[in-house]
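What follows is a set of structures for review.
Each of the next two complexes has subunit A plus one other chain: subunit B in the first, subunit C in the second.
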Partner chain A sequence: MSEIIRFNGVSKKFGKVVAVNSVDLSIENGEIHSIIGENGAGKTTLMRLLYGMYKPNSGKIFVRGKEVNFSSPKDAIDNEIGMVHQNFMLIDDFTVYENVVLGSEPHHLIYFDREKAKRKVEKLAKAYNIEIDVNDFIDSLSVGFQQKVEILKLLYRNAEILIFDEPTAVLTYQESKALFDTIRKFKAAGKTVIFISHKLKEVKEISDRVSVMRNGKLLDTLKNENLSEVELSKMIAGREIKNLTTVSLKKGETILEIDNLTAMGDKGIPAVKGLSLNVSRGEVLGIAGVVGNGQSELEEAIAGMRKITSGQIKFKGIDITKMSVRKRRELGMGYIPEDRIRTGLAPLASILENIIMGHQNEKEFSARLDFMRRRRAKRFANRLVNEYKIVCKSIDEQVGTLSGGNMQKVVIAREFAHDVDLLVVSQPTRGVDVGGIEFIHKGILAMKKSGKAVLLISSDLDEILQLSDRIIVMYEGQIVHSTSAKNADVQKIGLAMLGMRS
Partner chain B sequence: MYIYRSTINTLVLILLPALGGMWTLQTGMLNISQEGSMLVAAFFAVLGSYIFSSFWMGLLFAIIASLVFNLIYAFFCVNLRANIWVIGMALNILASSLTILLLKSIFGVKGSFTSDKIQQIPFVHLGNLGIFNGIFNDFSSIVWLTLIIVILFKYIDSHTTFGFHLKAAGKNWRALDTAGVSSLKVRYMSILINAVLVGISGAYLSIGYLKIFNKDMSAGRGWIAVAAVIFGNGNFTWTIIATVAFGFMDALGISLQTYGLNSNLTLMFPYLAIVAALIYQGVKSSKKKAIEEKQ
Partner chain C sequence: MSEKYRRFLIVVISFLLALVVGGLLMLFYKVSPIDGYKIMILGALGNKYMIYSTFARMVPIILTGLAVAISFHAGIWNIGAQGQLYLAAFVVAAMGVSFHGVPTAMYLLLGVAVGIAVGGLWAWLPGYLRVKYNVNEVVLTIMLNSIAIYFTTYMTNGPFRTSQGSLGATNVIDKGMWFRHINPLSNLNTGVFVAIVAVALIVYLMLFAKRGYEWKMMRLNPRFSIYGGVSFKRNMILAMVISGMLAGLAGTLLVMGDYHRFLNGISPGYSWTGMILAMMVNYDPIGVIITSFMYAVMISGGLKMELILGIPQELVQIIFVLAVMFVTAGYSLSNKLSNRMQEEG
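Then we have the complex of A and B:
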């Protein structure tokens, strides 16, 4: 096989942070090459250097043996390089065909030939067995289909080198399988695929060769055949990561009871439809489902952030249906919301203030006349910052200036540290690196062990399977599948997530 | 007939910056320095026309002045990502005082300047059209130019790749960049096109139907254009409708003065229309926004 891409001592700095540190990497023509590493290891930055979105500070990049100096993605596209970004680069209120042809429209002089564009995209979709209406608007499509549009974009531009940045992060089990089939088809057609991921299983399944990155450095490139998952995970994290196992405890009293709950979504259409569930002490109930099937609304209804249309919510035997958020929290409800930055934190306030937030009225932190007991609050915040390894200059730093992972830690620290009976936690590890995930998962299991009830909402099925005692699947606001974790069948859950009842 | 003709005359003033502003808004940049650009262009039109006794030079001066003014806006707001309101307001205040300063230092007059050496932009006489004389005849050539520009804009807006890129830049510039089209270039193009249009509009203001420069003579027309742009929200048809409505109210207000209505009252007309229109739209879009933000 011949080499198609070579990185020679490539480095990229952002201010003082070295994101990519003198990386040497060779990619062969026609292979599926995975790059694996924790979040922040530099995988995406490395690929953006190849795609012309950033310029390296030093080092050289060669494509087909020729040194290239891309100043924009256009240069990369001209070299038949295409990239499916982790956050899709699509325009929501444009149609499928408009998004596909954007930047390379069929035209006569200045005239944009829309009919020809539609025909070309339709033909392309057919050729690759992608069933899609080119006149659909992006925001009406599921995430899986949006990804297909991204793939069509690359094919339309005749890309021969395809970069996929964490493509399965948003997909269901079946969608991931289908994506892998597509990727294998690309390989069969002689295209080169660079696959970025932090999931060991996927990398084992799909790649010919695997490169491991940590802290901006490329540690090694290995043939997939000779790799064990354990070895790989050690390399990625730089230490051993133990797979967590959960032991089911004897069920305690029921903490949360939801009866026939209906709640409207933001568009005024019912998002949760007559849903009933309960969670007991010493139990983790996992709610799986594709994003946007009513999980957010359910989460908000329980936390008191959303009015409900009908039904009842009981917490520790008390009807809290009409209670304010504050009262619910005072009763002992912890809440880690899906959108940390907007709902979970006040970005302009300090770390100290964010950690105390919601507990400012407790005796511990509140003196007479509602003055804050600053010394106690500071001691408490400092302790959490150390315990949760939140990287910051001081507890007086604004939360909004922290990195995403550290912001997440502030929320988690706050909710874990206060004594609660029920923890409602949504997408706790989205955008968190492997080490951080381990930490959060341990925390959730520790809560369970100490006799608390946990309601875990996540679109990451692996997470749900790993932590839950019982699993339910939500689809279009209803529970379509329910199982104990012991008897869970990934196939069935995946189908249920897509709305197909088995 | 009088109201019709004065509506057309005012309309041109507002339509050109409204069209230019519509495109910059499509790329995600609300340009609020239109009032200032128009005023500076009006001054330089008089200057150019006075020095060379040629309206062509007046037009050229006006367009160059407007280009410089808009490039300052572009540099701060596009490259440095400064707040558009701060920069826009600064430029508007600068324009008002700069023209007064130049009036004093170049022409040595306060408040107003006129001269026989200034050449006016010609009017178009189509011959005797009988009953259509009042409707078509003896409008400034800028009026006809504007008509052509409107048609051209409509075509480019909905049928060309450039119009397509404008909207893409506003809706998701990252998507456009990664598709290989520089959103920066697209934004600059829209701002430069807008500058040319505002330049023409400014020249029309000072050497179009008169031959005079008065301090602050743009008298809120730039703002009315901005209001039309905000109301149109990047949509061609709605921008035109808003412009025509506001332009008509402006002309109506001035005409009614001749019927003895208190001028303080009639001058409020266009702004009342704007306030009403923007409240209507604001209520509508705040409902929509509330929905979007929650998602």
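Then we have the complex of A and C:
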């Protein structure tokens, strides 16, 4: 095979941070090449260098043997390089095909030839097994479908080298499967794919070769077939990562009781339908299910961020159905939301301002006359940054400039720092590296051990199985299966997640 | 370099640059820029009385500037400071011409209280409608500006029309309601102490209180603030009301301290100047204080320049507008530069 891309001693600095440190990497034509590594290792930055979003401080990048010097993604696209980001850039009230052709529309004389555009996009989708209706409007599509549109955009522009930055982080299991089918088609068509993920199972499944990054450096590039998941995780973290196991404790008093809860989704359609559950001290209740089956609405209802239509929520014996978010927090509820960037963080605010949120009313940080004890807040933020190894310049840095995984850590650190009785935690390890996952899982189990109740919502079934004492499966807003962890039958749970009874 | 420091530097440099351009313009009048600015500074700060006058000029600007700053800081856009100022000023004046014989201390207190309350109420309305029915507060406050201004104009031409000659004003208010001049040679009156207290309270609220932090988070990500337990709606209305109270206070002090009556032209765009200042310093209250001071110096000194050197006052306006332009350009330039610098390390 011939080489299609070559990084030669490429470095990239942001101020004092060396995000990419003299990387030498060669990508071969037609391979699927995974890049893995800790949060903040420099994976995204390396890819953005290739995509023309940043310019390297030193080093050279070659595409098809020719040195390139991209000054914008447009140059990269002209060289048949395309990148799918985690945050999509689509126009909500345009249709699929309009978004795809936008910027290079087919013309008939001077008119936009819609029919031709549609036909072209449909043909592309078919060629790569991408199932989508090109007439749908973007805002009616799920994340998985929006991603398909992004991919089509690249294909439409003849991308031969496709970069995927954590594409599966927000996808359901089925959507990931479909994406992998598409990626395999790319390979079959001779295209080159660069794939970034923290999910080692996927890396193992799809890659030809794997490169590992740490601290901006490229550690090694290896053939996938010679590797095991355990070895991969060891290379990422630089140490052995053990899967944690949990021991059932004696259940304490009931902390959270939900009775016949009904809540609407954003579009006014019932999302949670008559759901009842309870969580006790010293236990982790895991809610499994495919994303989009009412879990988001349920977590928001518990946290007080979504009005419910009927039913009751009791927390420590008190009816909190109509209580404000603040009162719930003061009563001892912690919440790690699914959507970290939209809900759990203010990306434009500093790390300090983000970390103090939810703690601002505590005695430690507030004095009489509404005075805020900023010096203590700073000390607190610095402590958490050290404890959780959040990679940043200082606590005054904007959260939005942190790497994806480090943003997560800010939320996790903040909520773990509360002395709560109940922790509602949703998709806690999405986009987090293996070391981080271990850390977060330890944190959750430590909470349980210290007699707190944990409600864990995750679409990652392994995570649920690993941490929970009891497991329920949500499907279309209802509980369709419920079991103790001891008697859990993975087969049954898997079927229940798809709404099938065994 | 910290973000705040950088912004501060940009504002200072922009004012200096604008002054340089202003200096070049002075050459058209055959005046050396050095002399021109000497007269300007002397005219604004040359002696005690001039300093007093400059401070007097600063009062309405700083109050409206902070009014805008506090609402924008919280992410609610009060474009209605002008209307709040007018309505408060008028109601206070109407009270002052209607009731006599109230003991002075009480009348002063009452006047200020009523003025603040009217301003606050006139801002509460759009705040409430925004929170309750999600009506756009920008449109609403602009409408309420017109209503307030037409209403007061009508009143000064109708029921409250002055019997003392000049049109478009009320009668002089009861003397018991006057903030007295501190010195007969300048406009500065004891109302300035009320303003100082208000400014101190706002600085505390925005920079040291928990509320200031919560407001900022509401602006940066409303959903995040709600998630963190901030009472979003209450805080939003509160920011709006305090904003209106400040604008109301500006109007009140103009009536009780400066003109002792309500005039149709009582605020020649103070609130718009205040808004520009607030935006220029990114809603930072200290920044508002500094820039209002600079602005007041320029205006006071500009008068003197016209008197002595024959340079039209408008030159000062030109300098101010240039400064605003430079600040805007400076921000986008520095953002670009800092990105580049960060990237190049």
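The criterion applied here is as follows: the second predicted complex is superposed on the first by the 334 of 502 C-alpha atoms of A that agree within 3 Å, B and C clash if a C-alpha of one lies under 4 Å from a C-alpha of the other, contacts with A are read in each partner's own complex, and residues count from 1 in each chain.
Going forward, a residue touches a chain if its C-beta (ideal position, glycine included) is under 8 Å from a C-beta of that chain, and two chains touch if they have at least 3 such contacts.
A quick note: this is a predicted structure, and the numbers were derived from the prediction, not measured.
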In the overlaid three-chain picture, which partner chain does A:D266 touch, first (subunit B) or second (subunit C), both, or neither?
first
Just subunit B (first), just subunit C (second), both, or neither: which does A:G103 touch?
first
Which partner does A:K153 contact after superposing on A: first (subunit B), second (subunit C), both, neither?
first
Where does A:Q491 make contact in the superposed view: on subunit B (first), on subunit C (second), on both, or on neither?
neither
On the A-aligned overlay, A:L90 touches which partner chain: subunit B = first, subunit C = second, or both, or neither?
first
So in the superposed three-chain picture, is A:F112 touching just subunit B, just subunit C, both, or none of them (first/second/both/neither)?
first
Looking only at subunit A, is it subunit B or subunit C that touches more of its residues?
C
On the A-aligned overlay, A:S450 touches which partner chain: subunit B = first, subunit C = second, or both, or neither?
neither
Overlap the subunit B and subunit C contact sets on subunit A and report the shared residues.
none
Could you please specify the touching residues of subunit B with respect to subunit A in the complex?
156, 159-165, 167-168, 171-172, 174-182, 291-292, 294-295
Considering only the defined contacts, which subunit C positions touch subunit A in the complex?
2, 205, 208-214, 216-217, 220-221, 223-231, 341-345
Touching residues on subunit A, where the partner in the complex is subunit B:
51, 53, 72-74, 77, 83, 85, 89-94, 98-99, 102-105, 107, 110-112, 153, 266-267
What residues on subunit A touch subunit C, complex-wise?
12-16, 18, 54-55, 57, 303, 305, 324-326, 328-330, 335, 337, 342-349, 353, 356-358, 360-361, 365-366, 369-372, 374, 396
